[in-house]
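In what comes next, chain A is part of two complexes: it sits with chain B in the first one and with chain C in the second one.
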Partner chain A sequence: MFNLPIEGEELFALEFGDIVNYFSLYTTTLFLFATAFIIIAIIARPERQTDIVFGTDAVYTKEINQDNLRFQRFMAIACGLATLGAVCSGDLFNFSLFTALIGITNIGIVAGVNNRYVLNAAYNYGIVAMVATTFLFGGASMALGTCGTLSIWELAGKGLVPLAAKMFLVLGVMGEGMAPFYIAKAEITRAPGAPYVLMIHVSSLLIFLRVIEIILTV
Partner chain B sequence: MDFYQAGLFCTLVCVAISFVALLRERDDIHKILIVDLVETTGLVLICLVATDLAEALILPGLVVGISELLMLTELYIRKENLPIPSFKPIKIEVMRTAPPIITFVLVVYGIILSGFSGGAVAGIGLVFYFLCKGYEERFELLETISGYAWALWIVAFFIFMILPQAWLIAVMLSGGAILIKVTTKMALIGTMREGRNV
Partner chain C sequence: MITLIIPAVFIGLLFHGIHRKVIARIQERPGPPIWQEILHTLKFSFKQTWIPKTASMPMYVFIVAVSIAIWTGAFYIVFSGGSLLLLFAVFMLHKITEHGLGLSSGSPYGKFGAIRSVMSAASEIPLFATIAGIYVVTGSLMISDITRYQEIHGPLLTGAFPIAIAMYIVILSKMHYGPFSIIEAKEIVSGNRTEHFGVWRAGLEVAYALKTFVLLAAFVLLFIGALPWYLMLIAMLIVLISLSFICAFTPMLSPFDAVAMQTVITGVLAVYIIILGVIG
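Up next, the complex of A and B:
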């Protein structure tokens, strides 16, 4: 498993029957990255945006509701934990479940902002995320149907998983990680709800990197 | 072409049909219903494998689907600023007299059954009671109990894996914990109609 080009050397493996949760050099890097951003989400203070009143030179700072702040911080931390799970799981179905959880918490982060336009956008993201779970579960179950196992450890290097299943997994991750939709906006890190929106980008990036590792390995 | 491939082909046709429906739909609340349909076809893809493992994968798939549906509906309610509907409870005599007896029978039978099915039976009893009687409930207490029971369930799984010779205590722990967890979770459904959080 660890002589494949992408993995790097083995650092730790925990066996639960045929499902092996493992840390290679690659996944450990992703894990540490996610941990760093969880700590940032815990200690960061919310961004207080300023609005300029049109036509005058008055500037006022937006108040941030305490309840919304708590909800967003909780969702950001939960998103980070789900990312940790997705990064170190050694099972295709666990990976897709954690990815679906990332989708839910991402939308939670966006939905914490009390703004009609933001909520509208979050609703549309939610529809995309729900549709994407079909592809995620479809990809994992097609791998199970053709190979008889879901363990990445056992499938590694054999090339048994059909191309369609891999494509489904990638499509699912594209739907769940919503940064590709969100990144089109100019204000990536200063959108309403900053700095917690940062977690959206981090988790999307990490699950993209992880799914690439998976489809190159199995 | 074996049965699995034929089934896969049919399911993918269903996925395509539901996607076309989603594309043509313009109304937001109807979109939620169609998205649920799309998600169900995802579960069908898991069902097609038809092994014990696939059966075990259905439940987490379903739970994730339902939680996403709940998230989307909450978001819709918040987006549209919908108020909580208020209506008077229905006055039917059976709904005043029957609940204590039926709930008692169901809860006792559920405890005898224990485990997941026992939890479902006892939970249905509590749902019926709360729906008929009205209540004042401490939701957070119920949620906390459910959370601790779930943690005990996981602990039992670790005992199975790490200390297999202590299987009896693990079976008892998981059976009791899942009974409490499913019961409290289902009882929360019965409290959705009205009542206040004490």
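Up next, the complex of A and C:
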């Protein structure tokens, strides 16, 4: 598949029958980026948010519950590991599975904040992620039904995967990677834990970049 | 390649200075000397450096290093004829670094800048339209193949003008003082860079100088083709001055309008690419 002029040279491939997990220059870059941010989520201490006292010039630092932050850190690491899986998977089903896991862990990162407005937002994201799962696995199912395989390696350059399946995959990824939804709501300004919140955006962007590569390849 | 990075940084900083000077002259102000940004960066390099007590460490420092690393990588991709998809990835990853910069300090101004940076990720959608369009026209995403295509078929600037416009808008959205520069709006102080001073700010200036250099070089390579280095620099300067004119004449849009405008542009381009794909 690396004769395709899309993602640069092959660096490593690991075969499991017709399923080939591979690292190209492109996916390796994404993999390394995700790894760097997992390490940051593990070692970084969260920021202490400062806020302005309403109606005055005073500024105060918010107190953060350590138990909640531990849960957020766990979810951020799980999210990072799922992202690693999604960027190096050579199979549409595995990609969909890891992407769905990213959606779940993203909700976990948001839900780790002990604030009823943020929890309410996490509930809304959960609904979006669940709906997106339908598209994600629907896209993979359509590809399997049409081509008889889910292997990206096998499907590369043949143009067999129908456009509707590709669109379903993109829609699914857009729903699971919740950064655009999260950023558009006021709750993010209330949520502490920069290294963990950032993991939501890292995972959302990386799966979007991966799905672009997949739809161009298959 | 590494020996080219340092001149690229200085040229990028000089371009920032020229950008400020052109905007100032259009607005009938004297403006700073064109080497002002180089002096700024040198000054920041030797100023007292501190880390806010509220900052998330080591993320506060790490994100500056990532910013420099990704644009150094982008420089390598462009000048080694690498994959355009990888360049697209760098542009998207830049959004993460912008976001991380703002979040890591704990400052509310930084956080608002960070939020605006993710909102303005809509500015990357025209880039995807550019990539899809170039792939439809040239059949390849390798920059080396695209420059070879232009040697045979002529510049893509005339052959695929709407795609060039899309890329131009992407560059415009990343320019300082532009209509889409909502992350640096003065109502949020310096946005996501508010709390990064001293050597951290110098690091960011280096990264952004490389960014400007890479963006302009990529535009020239993708839409005009490979040129001798001096013609390449002249072409980049012309593109930069045209961008400065737009920045000088247009007010900064509100976050909502910035996102809406970029989405509309992408929609129009998507229709163009579909037509191109069907007819082609």
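Everything that follows uses one rule, which is that the second predicted complex is superposed on the first by the 201 of 218 C-alpha atoms of A that agree within 3 Å, B and C clash if a C-alpha of one lies under 4 Å from a C-alpha of the other, contacts with A are read in each partner's own complex, and residues count from 1 in each chain.
Note that in this section contacts are C-beta pairs under 8 Å (C-beta built on N, C-alpha and C of every residue); 3 or more make two chains touch, one makes a residue touch a chain.
All figures in this text were calculated on a predicted structure; none of them were measured in a lab.
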item: Partner chain(s) touched by A:20 [first = chain B, second = chain C, both, neither]; value: neither
item: First, second, both or neither for A:81, with chain B first and chain C second; value: neither
item: Which of chain B and chain C A:93 touches, first, second, both or neither; value: first
item: Touched partner set for A:131, first chain B, second chain C, both or neither; value: first
item: Touched partner set for A:47, first chain B, second chain C, both or neither; value: second
item: Contacts of A:107 with chain B and chain C, given as first, second, both or neither; value: first
item: Touched partner set for A:142, first chain B, second chain C, both or neither; value: first
item: Partner with the higher number of touched chain A residues, chain C or chain B; value: C
item: First (chain B), second (chain C), both or neither touched by A:160; value: neither
item: Residues on chain A engaged by chain C in the complex (per definition of touch); value: 5-8, 25-26, 29-30, 33, 36-37, 40, 43-52, 61, 179-180, 183-184, 188-189, 194-195, 197-198, 201-202, 205, 208-209, 212-213, 216
item: Residue numbers on chain C that touch chain A, as the complex places them; value: 53-60, 62, 66, 73, 82-83, 85-86, 88-89, 92-93, 95-96, 99-100, 103-108, 111-112, 115, 118-119, 121, 128, 135, 139-142, 145
item: Partner chain A, residues of chain B touching it in the complex; value: 4, 8, 15, 19, 22, 28, 31, 35-36, 38-39, 41-43, 45-46, 48-49, 51, 53-54, 57, 60-61, 64-65, 67-69, 71-72, 75-76, 78-79, 161
item: Parts of chain A lying in touch with chain B, wherever the complex brings them together; value: 16, 93, 97, 100-101, 103-104, 107-108, 111, 116, 119-120, 122-123, 126-127, 129-131, 133-138, 140-142, 144-145, 150
